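What follows is a set of structures for review.
Consider the two complexes below, in which chain A is the common component and chain B and chain C are the respective partners.
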Partner chain A sequence: MTAGTAIVAAQESERPGRGGFGSLLHAEWTKFRTVRGWLIGLLVAVLVTAGLLLSGGDSCGGPGNSGCTLPLGPGGEAVNDSFYFVRQPLAGNGSITVQVTSLTGETPSGSVSGRVRARSGPGTGQSMRSGLEPWSKAGIIVAASTAPGAAYAAMMVTGTHGVRMQYDYTGDTAGLPGAVSALSPRWLRLTRSGDMITGYDSANGSVWVKVGTARLGGLPSTVQAGLFAASPAYSQVVSQSLGGSSATGGPTLATGTFDQVGLAGRWTGGRWTGADIGGPDAMYPQDPGTFRQAAGTVSVTGSGDIAPDVPGSGGGGGISISQGLVGTFVGLIALVVVASMYMTAEYRRGLIRVTLAASPRRGQVLLAKAAVIAAAGFVTGLVAAPLSLAVGERSAHAGGAFIDPVAALTLARLVLGTAALFAAVAVFALGAGALMRRGAAAVTVTILLVVAPFIIGTVLSAGGTQWPLRVLPAAGFAVQGAYPRYPQVTASYSTVSGYYPLPPWAGFAVLCGWAAVVLGLATWVLRRRDA
Partner chain B sequence: MEATISVRGLRKRFGPVLALDGMTFTVQPGRVTGFVGPNGAGKSTTMRVILGLNAADEGQALVGGQAYASLRYPLRWVGSLLDAGALQPSRSARNHLLWLAHSQGLGARRVDEVLTAAGLSAVARRHAGGFSLGMRQRLGIAAALLGDPPVLMMDEPFNGMDPEGIVWMRGFLRSLAGQGRGVLVSSHLMSELQDTADHLVVAGRGRVIADASVRDLIAAASGDRVTLRTSAEPTAAMVLERAGATVAAPGPGVLTVTGLTAERVVGALGAAAVPFSEVAAHRVSLEEAYMELTRDAVEFRAAAASGSAAS
Partner chain C sequence: MSGTALGALGAEWTKLRTIPGTIWLLLTAVVVTGAVSAAAVASTTCRSGAVCPVDPAKLSLTGIDVGQAVVAILAVLAISGEYSSGMILLTLTAVPHRLVVLAAKAVVVTGLVLAAGTVGVLASVLAGRLILPGHGFTPADGYELVSLAHGPVLRAAAGSVLYLALIALLSLGAAAVVREQALAIGAVLGLLYLFPIVAGAVSDPTWQRHLQQLGPMTAGLAIQATVGLRGLPLSPWAGLGVLAAWAAGALLAGALVLRWRDA
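Moving on to the complex of A and B:
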């Protein structure tokens, strides 16, 4: 046999200064795509990511209830807008001032400590006892309308959080601290000037302190203003797992007692009318709210909340869009196997010597491999995430559940973040493979550091230890965080519902740090080690 | 650029074992250099050092005057076959060559060329994991030829080959050298290299024992002994001793002469009119020469093995 071409050909086509890393990338890509098992592994990763679904844990309707929905606030987020409103229409600029002398309430038996009163809860038949939720609230409110989700600003006393000014569901500013009572009453005031609503509070009715100002865009000239009371549903998470959280709880009531209701400016007093806003619904079959007027005193009783809806809070409402992505950890296991094998297969039969003889720059070999597996992981995530979200949405609608909406940017971050998560985990697994040279060991270590903390953090730590999701590579799951936390809403804020201890990019930075360290160590070892 | 491999004073220690102890030799273009020595002589380690896979503690190995690791596309300089089993079993033969070609900036056309050259075109798309050892050796050779390199290096290429394959391999190695390439072939069996190698580097205990052409090596091992058959033994012995030779009589009618070439023995006997029936220059086989050279190394290994077994 003869090798046809002349010997000098090799040196002629040597192109100095070009082609080194590009050729290496090309070679590693060819290496990756020519093992069918690895491509199938990536397909499996996509399918299991989209395939693992949760039953909608808490939904606002039953199966088949396709009309189930929540109102959206001015910011586009899903909100609870359910309270008792004693109101009258008021035109132009003006202010409303009130003295609050007490805030009392009733919660389901077994919730907070208090004297049990054998009484039936509002519309439920559950036995109630006196007690307040931390965020039970009563006070004065100026709203654009009585429609659910309308813009508003309010001054209120709360169960345990003192005086607050809240507006447009997400805004929350602290005023005077401490609980309200007949001996320690609170004066509240809201002043309208155009689109601006300013809140003041006072402990004695003469010295006033400004709490905050809210700009309610497009506020009509005639607003609905008056007194309100609301009390969010009591809920306690009993157990939490990948299948969602199960909670016990029920509706609660709050009663605020007001003295010296005063209107000023161009607002002149008319007749007060009371109504439940936002009810009745599945939780409140009958309107629970009332108001009584006697000798200059008004007492208002209401249930519900004026606040953003937090998925997974257990009191009805929407579910998290993140539930569609819960299969990510299973998909990652498949990806980790592929990424580790891509490296350890080199060591299985000594192929690494062929690779390093062809490309003696060992650091570049590892870098090219990392680039290839990162790209493969990214594309896998980029396909898996939208598919999973679509499947999750279908399943939620079929089950009559409502998914709390997220902004378009958040949705894009969920998809790109998941793709980046896949890419970074793949690089970590590759580095572990290069360090340990054995597929089983690399897969085990990667799963223990990346996937296991997520499962543990989700199943075992209902509000407990979350440090593994802060410091271990599993922190990268934070890219799937979907909703902001609201201090003014009591909820479990679980990982299943899309709440992580770190902000998305901080968590991703932790994962990338780990991946970089492992890849750096692997490069160092590969350079020093005889092949 | 001179197409050679140059190995200078390589030393390499693996824990307590001194694998290379001053290994030094050169592979010249246009000929097959046999790299022989018993198992453990350091042949594979030397080849790995040449390819930059193992780092030597001392000394250097250069390919075309450069360190292997500094070559941009090394397979265009040296084609090597160290281990025919170094494959991903689930990758096809063609794809195995394809990624290697891409790593050297080469395309699929070159892959098809070497597949044809190695006689693997018919099985190119089959998984390499299903190949027999002989087919894997051919695939390894195809890989070594990818970059059309001026130097080829093969570690024990005859291993696992059937007699037909061995004949093919010999012809193949000869043809590569005939094209002007330098070829380094290791083996632990000298017989495999007989009629193949032009030049021999004999290694033992991590260093070179002999570095010579096959002819010189045999001549050196044979010495200049001449066997003489004559009926006039005492006269012949006297004449030859006077000419400067040492003479021994191993049997009746047979003399062994050392110190004179066969021509001078014939001349001296003719001048003295001593009758003789046969003069033969003694020649050992390559195998015998090799055994002679490597006896020390083998004995050393056996002693070391029994020593470590005893301790």
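Moving on to the complex of A and C:
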């Protein structure tokens, strides 16, 4: 066997007095490098990681629709910006104050099969019942312009989350709790002073409490301000199985009733103009929102949401960049086979006796092997990750899907994290091989602890169970999470889209802990046991 | 000829019975299947009045997802173990008809897996029957009890045992083709887990459906479904049929390789 001759060569090159860990590392590297099957294994790992095409197409358009995009917010994240806006231009500083006396809504009562979709709704004949989404919202807003993705700050009443101040899509501050009604109205106020927008709320119109202040960089001197209503799509998963789920859902409507609208400053419009912002689009294909003015009251009806997009939650949103990394699972299986065999092959051929005779410090032998396989795994991941991200992007583009953008730092973490993931899993598999000596057992245990929890976790997450992805080595996949969770957006936050229960590096630390324990156990066993 | 076949069967039985790993693997398969199923039902609750997207019978049999891997090791080692120790030369000298050797191994492994699988599945069903009603899955809330007296549950349970046997045959065929144990088990588990992962990531519903119909694990586990049968990518028994086709294909490939290649 080539590995046998390789170690002899490595020993010959070892000069007296130099010995030590360096030459051990060199010997182990030579053993690894000279077995062609293992190098082919790593190549297979790269190819299957990158080669698993994902076919997009559930995004805002069908295949070939290259014009499919989502607006980007001021922070660069993909956002939903569709609502009904009743507005006037406000030149310079000023303020708007309203009393909100009710918030009501309609949600669909039918069901759609397939993945989470929102294709039917008001205007398409689906039956509706009255009801509010938790994040249905109506209130007052100051926006830089009416273009989708424009900077804004808003004070609003919501379905079940009380009064909120929200700004620039990701900002969310709680105000007065409780639902709004005619008996328990809410007063809202926004004041603009330069770039600063301050929100206040009040339960009686006389005692005001400041909720928060938002700084909207580059706000023009004339802004669009007024009343708005929006209501995010409703969706509920009704069944979930291996690799698929079905959901009911559809667009919803919210209606806010305002009175005692008070304006201060130079409001140059003279009267209110109503318009659907960002819609009607694929996500909310229903009839447009409306507003009615009568005897000092204004009621505004709208659909949609002003919030960050959660990729993979369907309904015309984008897809997750993490989906391009789905091949990681299969690539890891190839890597696990190589890493286990790197250890178990020593036992099969009796090579272990030569190895241990050449360097009697057994712990160091294992450490050198771990270093070699970790480096091999890291490089494999480092090549595979950018390749699969590029393939994923191409394929999503060809399918007409839109990938929610991520910051450059996140992208770097996805690539380096995937490389580190490969390295840690390789060390785990090597340790398992040293512990069990049998390749089949080592490979199975590693795959069961690393890959299988993801599959089973997907099934169990229907029941809210995510512990396998918190405590098992599979937690390491958290380094492939790409987007933050937003409490102000109700969505599926699925693991396939890269939403893991642990933060990226915390999940990776769990995996490293497991790898360290297995390697430690293997060292201990190797020292005590006859080879 | 029948004497040879019976002799080969006896020889395989003796070999597999006396390898210390066999009994441990069978025990592990039983324990892992039962324990994972119990953990799955214990960690799933449904609030009263809520609609939970859960098939109680399928949930109770979750352990099969993991137990199948242990069964795969058993089947792979039945062949690869002989190659790594050189035993295969002796075996083929004693029984020169190689297909008889493969068939004998298949019969013995299938028998052992059916026995262990039955115990593991019964433990899983028992866990589901005892634990789920206390977690909000009661007939009053519209969920059938996980009981073998209920036709679909019986089909799911018996089908899961058959599923394990087919996985063993698939692994046996793969091991005969690849020989190297780590590689064989990697190939089998890769094949099993590949389809659910890819199907979960594909966003086109048509593609997703096809992948689920094609994958040995996704198709085979359709046998566990007891609710929403009309929404399945394919019917329970057709799904098991797909897995059987995979197993037959693997065995055929294994037989051809064994027949034509030097040991």
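Note that the second predicted complex is superposed on the first by the 473 of 531 C-alpha atoms of A that agree within 3 Å, B and C clash if a C-alpha of one lies under 4 Å from a C-alpha of the other, contacts with A are read in each partner's own complex, and residues count from 1 in each chain.
Please note the rule applied: a contact is a pair of C-beta atoms (placed from the backbone, for glycine too) under 8 Å apart; a residue touches a chain by one contact, two chains touch by 3 or more.
Just so it is clear, the model here is predicted, and its values are computed rather than measured.
By the touch criterion defined above, A:V451 lies against chain C but remains apart from chain B after alignment on the C-alpha atoms of chain A.
With both structures placed on the common chain, the touch criterion links A:N204 to neither chain B nor chain C. Of the two partner chains placed around the shared chain by superposition, chain B is the only one that A:A358 touches, whereas chain C remains out of contact. For chain A, the partner touching the most residues, choosing from chain B and chain C, is C. Using the contact criterion defined above for the overlaid structures, shared-chain residue A:D530 touches chain B, although it does not reach chain C. In the superposed pair of complexes, A:A440 makes contact with chain C only, with no contact to chain B.
Residue contacts after overlaying the shared chain place A:S184 against neither chain B nor chain C. The intersection of chain A residues touching chain B with those touching chain C, taken from the two complexes, is empty. Residues of chain A touching chain C in their complex: 52, 54-59, 113-115, 236-246, 312, 319, 323, 326, 329-330, 333-334, 336-337, 340-341, 344, 348, 399, 401, 438-444, 447-448, 451-452, 454-456, 458-460, 462-465, 467, 496.
The residues of chain A lying in touch with chain B in their complex are 1-7, 9-11, 13-16, 19-20, 23-24, 26-28, 30-31, 34-37, 345, 349-351, 353-361, 530-531.
On the side of chain B, the complex with chain A involves touching residues 1, 3, 48, 51-55, 68-77, 80, 82-83, 85-92, 95, 98-100, 102-105, 113-114, 117-119, 143, 145, 147-150, 171-172, 175-176, 179-181. On chain C, the positions that touch chain A within their shared complex are 21, 36, 40, 43-46, 51-55, 58-59, 62, 65-66, 69-70, 72-73, 76-77, 80, 84, 180-186, 189-190, 193-205, 207-209, 211-212, 217-218, 221, 225, 227-228, 231, 233.
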